[in-house]
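We just call them A, B, C and D in the order they show up, numbering each chain from 1.
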Amino acid sequence: MTVTEPKPSYKYVGTRPVRHDGLEKVTGRARFAADLNMSGQLHGIVVRSPHAHARIVSIDTSEAEAMPGVKAVITGDDFPAVEPGHRQYDMCINVIARDKVFYEGHALAAVAASTRDQAQAAAAAVKVEYEVLPAVLTIDQALAADAPVLHAHMMTAGANPPAEEPSNISNITRFSGGELDAGFAEADLVIEREFTTQPVHQGYIEPHACVADTGQDGHTTIWCSSQGHFNVRSSTATLLGWENTRIRVIPAEIGGGFGGKTTIYLEPLAVALSAKAGRPVKMVMTRDEVFRATGPAPGTKLRIKLGVKRDGTLVAGDAYLIYTNGAYAGPGGLLGAMTVFESYKIPNFEIEALDVVINTARSAAYRAPAAPLTAYAMETMLDEIAEELGIDPIDFRIQNAVTEGDPSTMGFPFARIGFVECLEAVRDHPNYKAPLGPNQGRGIAAGYWFNIGESSSATVNLNEDGTATVVTGSPDIGGSRASMALMAAEELGIDVYDIRPVVGDTEAVGFTDVTEGSRATFATGMAVVEACRRMVVELRGRAAKMMGVEVDDIDWVDGQAVYTGSDGDKAPLSVAEITAKAKRTGGPLTATGSLEAHGAGPGFAVHVCDLEVDPETGVVRVVRYTASQDAGTAIHPSYVEGQIQGGVAQGVGWALNEEYIYDSDGVMENPSFLDYRVPVASDLPMIDAIIVEVPNPAHPYGVRGVGETGIVPPIPAVANAIYGATGCRIRDLPMSPIRVLDAITSNGGSNGA
Amino acid sequence: MGTSGSKPLAAGPGVELTAGGVSAMGYDLMLSVMRYASPTTVAEAVDLLGSEADARVYAGATDLIPQIRAGRPEPTVMVDLKRIERLCAISANGSTYTVGAATPTADICADPGLVAAFPGLVEASGLIGSDQIQSRSSWGGNLANASPAADTPPSLIVNEARAVIAGPGGERTVAAAEVATGPGQTSLAPGEILVEFELDQPPARTADAYLRLIPRTEMDIAVVGAAARVTLDADGNVTAAAIALGAVAPTVVRVPEAEAALIGNQPSGDALAAVEAAAAAATTPIDDKRGTVAYRRQVAGVLARRAVTIAAERARERGGQS
Amino acid sequence: MSRVHVTCTINGDPAEFLCDGGQTLLDALRDEVGLTGAKEGCGTGDCGACSIVMDGRLLCSCLVLAPEAEGTTISTVEGMASGDDLHPLQQCFLEGAALQCGVCTPGFLVAAKALLDRNPEPTETEIRYGLAGNLCRCTGYDKIVRAVQAAATQITATNES
Amino acid sequence: MAVRVHLSSNLRGPTGGIAEVEADGSTVGALIDDLDRRYPGLGDALRAGVSVVIDGLLIAHPEYEPVADGAQVYFVPQTAGG
C-alpha cells in the first residue's frame, strides 16, 4: 500500500475485520432473491419476442389462460398507457412491450401458474401476431440515410440546429476548449486512429429474480435482488401507475450487479401477475434471458486525433465517439465525451459524441459506463505517441496528467486528486521492471471515473447491551456492510464486531439511491457518520445527566463519555453503561443521518499488464498484473483490493474474449457462459492491487468510491501489452485469438499504424 | 437455438404468426412429462430405448440437458446408463484395454494404465469441461453426441479405438471412427447404445498427443483440435503415424498426406512443415461464432505439427517398452 | 405422471424427497429439500454455482436429474461446517475476504473442498485449473486462490500434527 | 451578488458560445433564473440534468445551494454510474 498523504491514525478504519454477513455467505444460509419462497406462490414466466424488430399486431392469450394451473396472464394492456415524453417512457416500454418489440428477447406478456412447468407451457401457448420490421443492428445501419427509424418520436437532443426529423440518434454531446486548429498547428506529431467495440454483459452470476405478494388491500411486497430497492419501488410504481406507498421492497442479498441491477425488469410483471391472481408470484430469469434481455454495455465506434509537441506536451485532441445504447436512448456517448480527455491536460479540444439506438437489448450501466472504451482509444494512442517520441509511457503520462487545479473537460478545476501518485506507484513497482520472456509484452494504461454522491440514509440504534445496529438503504454488493460498521465503530468508539450493519427495506430506513457510481461507502458512509455524530451528541447528553454535570463538560473519547470539567474526578461512562440506563435518561438511543452527498472525489487508476502471445495461434495469456488506484482512504482495504481485482478481471475479459454475437436477424448467438466467455480462474494470474490514498477532502474519512475505476485501464493495458509482444496494434474488440493472429499474419509483426 | 422453438402458423406478406415467445430462452426441462429409468443391464437398456420413440440415452447429460434447455425436443424417457456396471468399468486384459462408454473421464484420467499407454487420449479426456463436468463426461457421450468439436474422438481415432455397440439385434464392434457421421448424427441404429471401447496396447516407441485451441484456458469448446500418434524406429524415424483433426469439418478428419509425409523421416524440419501444410489443406471448416475458416485452417496446421512433435518426443522417451 | 420418491443421504442425514422425472437435482435440493445453498447461475454446467458432491464426485447439480440421486450420498455447502466449527476453507474465505457478492461462494467452497480432498497440496496453477468450472465475477479470483492456499496449508498442518 | 458562472461547452448554445458569464443570485436556483433572463433558454438547459461544481465540490442537485459573492460556479452535465 502506498500512503501518499499523512492521515489521522484510526482504530478501526483501515483494518480488515471479517465481514458481518460473511458467515451466512460461507454456510449457504444467505438468502438471495431466488432462494425465497412464499406459501401458495405461483411461478411467473415471461413471453419474449423472437424478432429483433416487429410491430405487435395482436396477442391472443385465451388458450394460455385455459391451460392447467394457469392463474394469470398479462400483456402491455394490463399496464397504464405511456406516451413519449413520459419521464420513464423507455423503462416502461422496455419492461413490457406495447405496440412494438425492439429486440430479440423483449418481454411482451407474462404468465403465472401453479408450477413453473405449467407456466412454461402456457407461455408457449400465447399467440402473438407480428409484423416483422427490418432490424437495425449496427451503428452504420442506424446512421444510414435510409435507415428504419426505431422510434418515431426520437428527435436528436443536443442537435444544433435542432432536429426536425426523427432519427436513430438520441443525443449529440459536444464539448470543446481552446482553438482546435491552432492546437494541431502547434503539434509536431499528429495521429488519428479508429476503434470499434462490441456490446458486453456485466455477467453477474445471479440471474434477476423476485417474489411479489399483492394483498387484497392493494398493497404489495416485493423481495428482490437489486442495486437499489428504493428505485425498484419507484420504478415499479411508475409502471403500474401506483403510489409508492403501495409497494414495500425488501432487499434480498444481491449476487453481483456491476450496474446491471440499477434498473428493473421483472418486478412490475410479478406484481401485476400477483394482483391478478391474488397469490404471491415468483419470477426467476434463466441465464439465456439474462443475456438476451438485460444489461449489455454499449458497443462503439470511436475516432480520435491527437496532437503533441516534440517535448511530449499534448496540445490538441479531437474525438468523434458513437455509442449504441441498445433500443433506447442512453448516456453512453455523453459519458464517453465526459471521460475521453478528462485525465490529461489538452488545452485545445473538440469532442462530439453520438448516442445511437439499434435493435438490441436496452443497455444498462456497467462499471464506469463508457469510460473503458474511451480509455482503450486514448491510452493506446498515448502509448503510440510515447514510443514515437522516445519517452517512457509513464513519464509521458505524468507530464500530461491532470492535477489539482487543472481544468476538466467540462471546465471546472479538479480538487485534490491522486492520478500522478497512481502513476508513480506503478512506475516504482517491481512489476514495471520485471524481465519479460520471449513473446511477452508489457502494457500500461490509466483510467478515470467521476464517482457520484446522491442521497443516502442511515439509522443507528443502540441496543440495551451497548451494541449498535446500523441500518442503511444501500444493498451490500461487495462488502459495504463491513465498511459501514468500521466507520460507525470509529465514530462511536465501540468494537466493530459489536456493530450489526443491516440493509433496511423501503419501510425501515430513509430514502437511499441506488448503489451505483461507486457511491455506497462514500455517500452512505457519510450518512452513517452523520448519524453516529448525532448519536455521540445524544450520548454525551445522557452521560451528563447520569454524572449530573453540564454536557459541555463531557467529551467523547474512545467510546466513553469523559468528564473534562473541574468538579473533581468522575468515572467515565461507556456506551453500555449509558444504554443500560437509557430508560431513566430519556428513552431509547437512536439517531439518523440522511443527506445528499456532495463532493464525490474522482478516482484514478493505473495498471500494468504483462502477457504472452502465442505467435502461431494468437492466444493471449496474462502472466503478471499490477493495479494502482486512488481510494482516498481505504475503509476496509481487503474489499478495496477486491474491487480493484474484480475490475481488472472484468476488463481483461472485455479486452480478450467477451462480446455479444448476433446473427443477421439480430438473434443473439452466444447467450450462455459457454460462448460468452468471462474469465475463469486459470485465465488470470494473481492481481497485485496497490491502494493509493490521497484523501478526498469532501468525506469525513477521505473516501473516494473504488467500485468502478478499476475496470477502465485493463483494455488498453492489455492492448498495449499485445503490441509489446507482437508489434501489432489491435483497434477492434475483443482482441480474440482470431484477431491477434490475423494482425500478426497480415502485419508481419510490424507496427499496425 | 434462436427462433427455432417458435412455430410459424401462417405467413403472409410481412406478417408472421408465431405461437409462443422466443425459443426456449433457457427454460427448465418440462419436468412432468419426462420419466427417468435406470436399467442395470445392457439388455434392459436396449429394451427401454426400443420401447419408446422419444426415449433418450442419459449418461453424463452435460450436453443433453443444455441442448434441451436451448429448445431441442424433450425426450419422454431418460434412460440412465450409469448404473450398468459394464458401461462404467475400466479393465485391461492382456494387450487390450476396455473402457465402459459411460466411464467418467475423471476416472480415465486417474487410471495409471491408460495414462501410461495413451497420454494424448487421456489429455483429451481431461480437457472436457471443468472438474464438475469431468465427473460426468465420457468417451461414449463425447462420441455419440457427435459434435464436430468433441475432444476425444480424434484421439480415439488415432489410437484405432473400437466401439462395442449393443442393440436389439445384439452386439457389434466397429471402428470408433465410424460412429459419428455428421454434426449430431451417428451410425447408431435406433435402440443402439455404445457399450464400451477397446484399445490395443500401443507397440514399442509409440505415443500419442492431443492439443486443442480454445480462447480461454478452460471451459470452452475446441475451435480446433489435433490428435497425433507416431511410432518410431530405433533411429527415431517414423514408421507409423496417425493424425486426426477436430472442429474443422463435419466429422473428424484424418490427414493421410501428413501421415505419409512423416513415414520414413525424422519428425522434424521438412517433414513437420509438410504435416502442417497437409493438415491445413485437409480442413473444410466453417465460419461460426467460435472461429473462422481462415483461422481454423491455419491453426489446424500449427496444432497438428505441435501434436506430432509432442507425440514423437513421448515415443522416444518410451523407447522399446510397449 | 406420478412423482418419483428418492431416498438418499444428504450431509450425513437420511433424506427423502419427491421429484419429477425431469427435475434437476439442483431444483430438487432447492425446492423439495429446502437446501438453497447451491445456486443456479446458468443451468448449463458452465458456472459451477450449483456444485455439490454426490457419491464422492463433484458435480454441477443442474446437469443431474433428481431421480438419479436414489441411494446416493450427497454433500452440499450446508454440510461443510461441523456444528459451530467452520471448515478451514470457510474460515479462510472469511478471513481472506475471498467473497464479495457471495453468490458463487457455496459452489467455490464445495469445489475447493473436492479439490483439496483429492490433492491436499495443490500448486497455484492446480488450484486455478481445479476451480476453472466455477465462475466468480466479483473478485478476479485472487483472494479465492489465496484462501484455498491458506486452507490447504492449515489442513495439511493439522493433519501432520 | 456577482458570481462568475462557467458553462461546460455543451451548455453554451443560448450564450452564443460564451463560456464564462456573470450572474446574480444567492443560490444556484436564483443564478439560473438570472441567467435565463440574460440568455433566454439557458434556464431550461441548466435545470435538466445539470450539476455544479463550487469550490471543488461536485453537487448533483444544486437548486437551493447557497452561492457566496465572488464564487466561481461551474455548470456541468450530470453523471451516472454502474
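Things to note:
One rule holds in what follows: a residue touches a chain if its C-beta (ideal position, glycine included) is under 8 Å from a C-beta of that chain, and two chains touch if they have at least 3 such contacts.
These numbers were taken from a predicted model, which means no experiment stands behind them.
More inter-chain C-beta contacts link the pair A-B than the other of A-B and A-D.
Chain nearest the geometric middle of the protein is A, using mean C-alpha positions. Centroid to centroid, with C-alpha atoms defining each point, subunit C and subunit D lie 56 Å apart.
With each centre defined as the average position of its C-alpha atoms, the distance from subunit A to subunit B rounds to 42 Å. Per-chain CA centroids place subunit B at a distance of 28 Å from subunit C.
In subunit D, no position touches at least two other chains. Multi-chain contact residues, meaning those touching two or more other chains, occur in subunit A at positions 117, 202, 257-258, 286-287, 672-674, 679-680, 682.
Residues of subunit B in contact with at least two other chains: 26, 28, 30-32, 66, 69, 217-219.
Pairs of chains in mutual contact: A-B, A-C, A-D, B-C.
Subunit C contributes residues 20, 30-31, 35-44, 46-47, 49, 76-78, 80-81, 86, 90, 93-97, 99-106, 109, 124-125, 127-129, 131-146 to its touches with subunit A in the complex. Every residue of subunit A that touches subunit B in the complex is listed here, in rising order: 45-51, 54, 57, 104-105, 108-109, 115-117, 120-121, 123-132, 286-289, 292, 616-619, 621, 656-657, 661, 663, 665, 667, 669-675, 677, 679-680, 682-683, 736-738, 741-742, 745. Every residue of subunit A that touches subunit C in the complex is listed here, in rising order: 16, 18-19, 21-23, 25-32, 34-35, 37, 117, 202-207, 253-258, 284, 286-287, 477-479, 636, 638-639, 641-643, 645-650, 672-674, 678-682, 684, 686-687, 689. On the side of subunit D, the complex with subunit A involves touching residues 6-10, 13, 19, 53, 56-61, 74, 76-77, 79-82. By the touch rule above, subunit A contacts subunit D in their complex via residues 158, 160, 173-177, 202, 257-260, 262, 331, 334-335, 337-338, 365-369, 408-416, 449-454, 516-519, 596, 598-600, 697-698, 705, 707-708.
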